[in-house]
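Next, two complexes with subunit A in common: one pairs it with subunit B, the other with subunit C.
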Partner chain A sequence: MSERNSTIKIMRGSLGTMINQIEELTDSEYDLYFGPAHPGSGNFSVKLKVDGEKIISARADPGYLHRGFEKLMEYRLPIQNAVLSDRICILEPLNWNLVHAEAVDELMGIEVPSRAKYIRVLMAELSRIQSHIIWYGVFSIGLGFDTGFKMAFGYRDYILDIFELITGGRVYPAGYICPGGVRRDIPKSAQDKILKVLDKINEMIKLEKLENPSLRSRTEGVGVLSINDAIRLGATGPVLRASGMQTDVRKDDPYEIYDELDFEIPVRKEGDAYARYLIGIEEIKESIKIIKQVLSRLPDGDFIDPSFKKPKLSAKIPQGEVYIRNEIARGEAGVYMVSNGGNTPYRCKIRGPSFLHMIPVLEYLLKGAQIADVPAIYWSLNICPADMDR
Partner chain B sequence: MSKEKEILDDFSSKFDVKVKTQRDRRAWVSIKKTDLLDISAWLKEQGFTHLSSLSVTDWIDDDKYELTYHLWSYKDNILITLKTKINRKNPVIKSVSSVWGENAQIHEREMHELFGVKFEGNNDLSPLFLEDWKGVPPFKKDFDWRKYVREEFYDKNNERESGYYD
Partner chain C sequence: MIKMKIGILIQLLKNLFSKSMTVKFPHESIPIPDGYRGEHDYDINKCISCGLCAKICPNRAIEMVEASEEYREQYQKTYPKIDLGKCCFCRLCEDICPKEAIKLTKNFFLSTFDPSTVIKYPMPKNEV
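Let's turn to the complex of A and B:
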């Protein structure tokens, strides 16, 4: 009997808390999780505090993809790290190869042969184009515009075919751009194929223009980032340029052969999602211009420093430290590498552009926005959870 | 005199520091940790509005942490790296989030998690990547990750995993 009484007591108690909870729920504020296993978010989550349709505050919650590459690189030889550097960002492995290779080159004092520099820039720009195409694709699907998504991934495949021809891998080149140069020369047939693919990409950009109005109505005036906020929050690359800042690491802090090439930096003043998307499309056109110049000027010679053709695994990295900056599709990529004279780096800090775009910039832009605009803002930042988590 | 040299000369005369020029657009400066905030504020006024990166290097043999602040000037296109050493046992330093805003704040939050450096004045140093982490900060040189993985994830009696215990 007494047992039954106590059960009833407990039931009453929990009913009481339930009533309390219901009272709390009738309040229009609630939490909404966007990600990390959401098809529209990538491997990353944002916790949104929502009042009705309006977002009161957003809190980024990274770490779903954290692999600790910086620590792992301290235990690996540069030749192994070249392969690891692919994985920093899934969507543009060649660009990350390049940043890592340049850091080792500068620490070891290697003079990279000029043909290798041209091939490196060629690959980096092809990689930028395919990354921007993915950006366009995921941006479209985020807004429910399926045609754009399918078109983008279809055309991206042409570039992946070239990657397969040159590096052997469609997505991951396995450290194709390595310390000293590149792993192998580009085949003779590659030049014509690349030019044909560039024509295809031009075709895609023209098609994309036809579909514009539906994208435009969802993105214009959404997620506006002023230039001062952009700098304070650490935005770089297309996001910063869409807010009106004329800057590009390739121009301001030139590496490889970018100072010899002729290209423009697209800039827009509006700072909204639509402006960021337009910057992406403009940058594809500029990259096509760069690739055509590189192909017409490609010099003969070695594609890798002769001493690196058969890499000595016991080779020591001279003592020193360097900070390398590159312009990758998402913004500014950096590698800070320290060596104390051993054969592995003593410390390798990787600065990914998405680290700033996905945490402070995203949190700032989502505050005060509508739920329906979350995908537009999120994908307009051209983000990659992999390079943030590393 | 080039603009770059002018800025570096100004810097070294104002704060009594030695500027090492590595190559074009790269300068490295070692500073005292007590001067950090003054120098940061001055450099920001000079146009170094972009904190490109903040990193910690664990010099375990010297018992020191070295903090490096990579600062880029959009105006003059030059990168200055500030380096300062702090005690490894009691790693405390003033936060620069008052100078570079949320950008610095998030970098410091990452470094606090991975190295355990305390940034005084940073109001949010909550964990970023690691959930329910109880061990020492994992990027320290004395953190034995092989041992950690063996203890936390592997089973000695499992045939396929026993190879990790020798």
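Let's turn to the complex of A and C:
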């Protein structure tokens, strides 16, 4: 008898849990994880609270790619840090090389030879084009436009060939732009090759104009960021320019030889994903203009300060502190370096543009959006998880 | 109705009859330019055992070790042992070497299943 009672109890109990489960299932609110092992997210995750198809709130979850560069740099010589600075952002290592090298140059009071300055700008702009091409590629594949992705990564390879010729590595230049100048002179054959590659990139831009109509319909009016919100949330670079603010560190606070060059800053007013994509394409055109000017004016002379030709173990960094900012492909990058007179920096703070784009801006834009629009918003911000986590 | 642009079709036809971008790899390969940062070429006879390469290496992939017993009479100092697994191929060892004993070659076929082949011991060139 008692056995029977207990089975009834169990049945009642299981019925109760079943009813609870059914109630839970009919509740339309749930959590959705976008990343970090999601093919469309990079090494970064966003926790989405979703009601049906609509996102109620989004919370960025950084830290998956943290490598601790700021601490590592305190134990290394400037030339070793130049090699390390490649890895801050995998997609545009040369731009990060330049920010770091400028900070050390300013602290040590090095007068960089003019040929080195031209080569630095040349490489930084090639790196910017390459980064924008990746942006276009991942943006396309995020929206299911595979042709765009394959086209972008195919044309990016031409630029990687130039990097291989000049720096000796396809993706990582290994501190090519180092304190004092650049580590190697550009070979004589490079000039013609670069011009040929620029023609190829122009060809790609023409192809991009033949875009898939579905790409346009999925990005127009999606993820609109007004200019006030963009400034409030700390957006910089292409994201801020797509919202209508004319700003560029290369014009506002010129470094290297940017004040001698003639180029324009593309600005759009819409502030949506499509406007950001168009800004990327316009910037590739401007970079091509800059590279052509640099190549035509490239002076002769040393490519590195003669005292830095051989790496030195004993070079001391004079006491002081410096903050250097540069315009890299994703926005404004900064390095704040403090030295107490030793041969390694005392503190090196890195300010990456992606941090603010990936946390406040992304969280703000995803709120109230549809699930299907997540990749469009996410990739239109031109973000790099490596740069954010550092 | 969505207006379709025909430009992409022209491109498609062009691509059908153009040469492919890839090459048939084991039989032919894309030439690698000079100055590529690949596997190290180390010449023990030029080395003066100064240890600068071990000090500059950002990843501490180079360690100064004694030569193996059969060579110890001939080579009595310490010589660089390179761990390719740790190496980031930055070429600082080549740049700092005062005697050009370490040079980076164009060889990039370095993937292996055998972990012991990852470490390069300092041995005379022709005798190993």
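Quick notes
The definition used in the following text is that the second predicted complex is superposed on the first by the 367 of 390 C-alpha atoms of A that agree within 3 Å, B and C clash if a C-alpha of one lies under 4 Å from a C-alpha of the other, contacts with A are read in each partner's own complex, and residues count from 1 in each chain.
Here is the rule we use: contacts are C-beta pairs under 8 Å (C-beta built on N, C-alpha and C of every residue); 3 or more make two chains touch, one makes a residue touch a chain.
All of these numbers come straight from a predicted model, not from anything done at the bench.
Clash-free side-by-side placement of subunit B and subunit C is the outcome of superposition onto subunit A.
By the touch criterion defined above, A:165 lies against subunit C but remains apart from subunit B after alignment on the C-alpha atoms of chain A. Contacts of A:234 after superposition on the shared chain: subunit B is touched, whereas subunit C is not. Comparing subunit C and subunit B on the residues of subunit A they touch gives the larger count to B. In the superposition on chain A, contact is made by A:84 with subunit C only, not with subunit B. Our angle of interest has its tip at the CA centre of subunit A and reaches the CA centres of subunit B and subunit C; in the overlay it is 110°, to the nearest 10. In the superposed pair of complexes, A:311 makes contact with subunit C only, with no contact to subunit B. Using the contact criterion defined above for the overlaid structures, shared-chain residue A:252 touches subunit B, although it does not reach subunit C.
Put simply, the nearest alpha carbons of subunit B and subunit C end up 12 Å apart when the two models share chain A.
Considering their complex, residues 62-63, 66, 68, 70-71, 231-234, 236, 245, 247, 252-253, 321-323, 325, 332, 334, 336, 338, 346-347, 349, 351, 355-356, 359-360, 364, 389 of subunit A touch subunit B. Taken in their complex, subunit B has these residues touching subunit A: 22, 25-26, 28, 49-53, 55, 57-58, 68, 70, 72, 74, 77, 79, 81, 100-103, 105-106, 110, 128-131, 138-139, 145. On the side of subunit C, the complex with subunit A involves touching residues 2-5, 7-8, 11, 21, 32-37, 52, 55-56, 58, 88-92, 95-96, 104. Within the complex formed with subunit C, the subunit A residues making contact are 76-77, 79-80, 83-84, 147, 154, 164-165, 168-169, 172, 174-175, 183-184, 187, 207, 209-210, 213, 310-311, 313.
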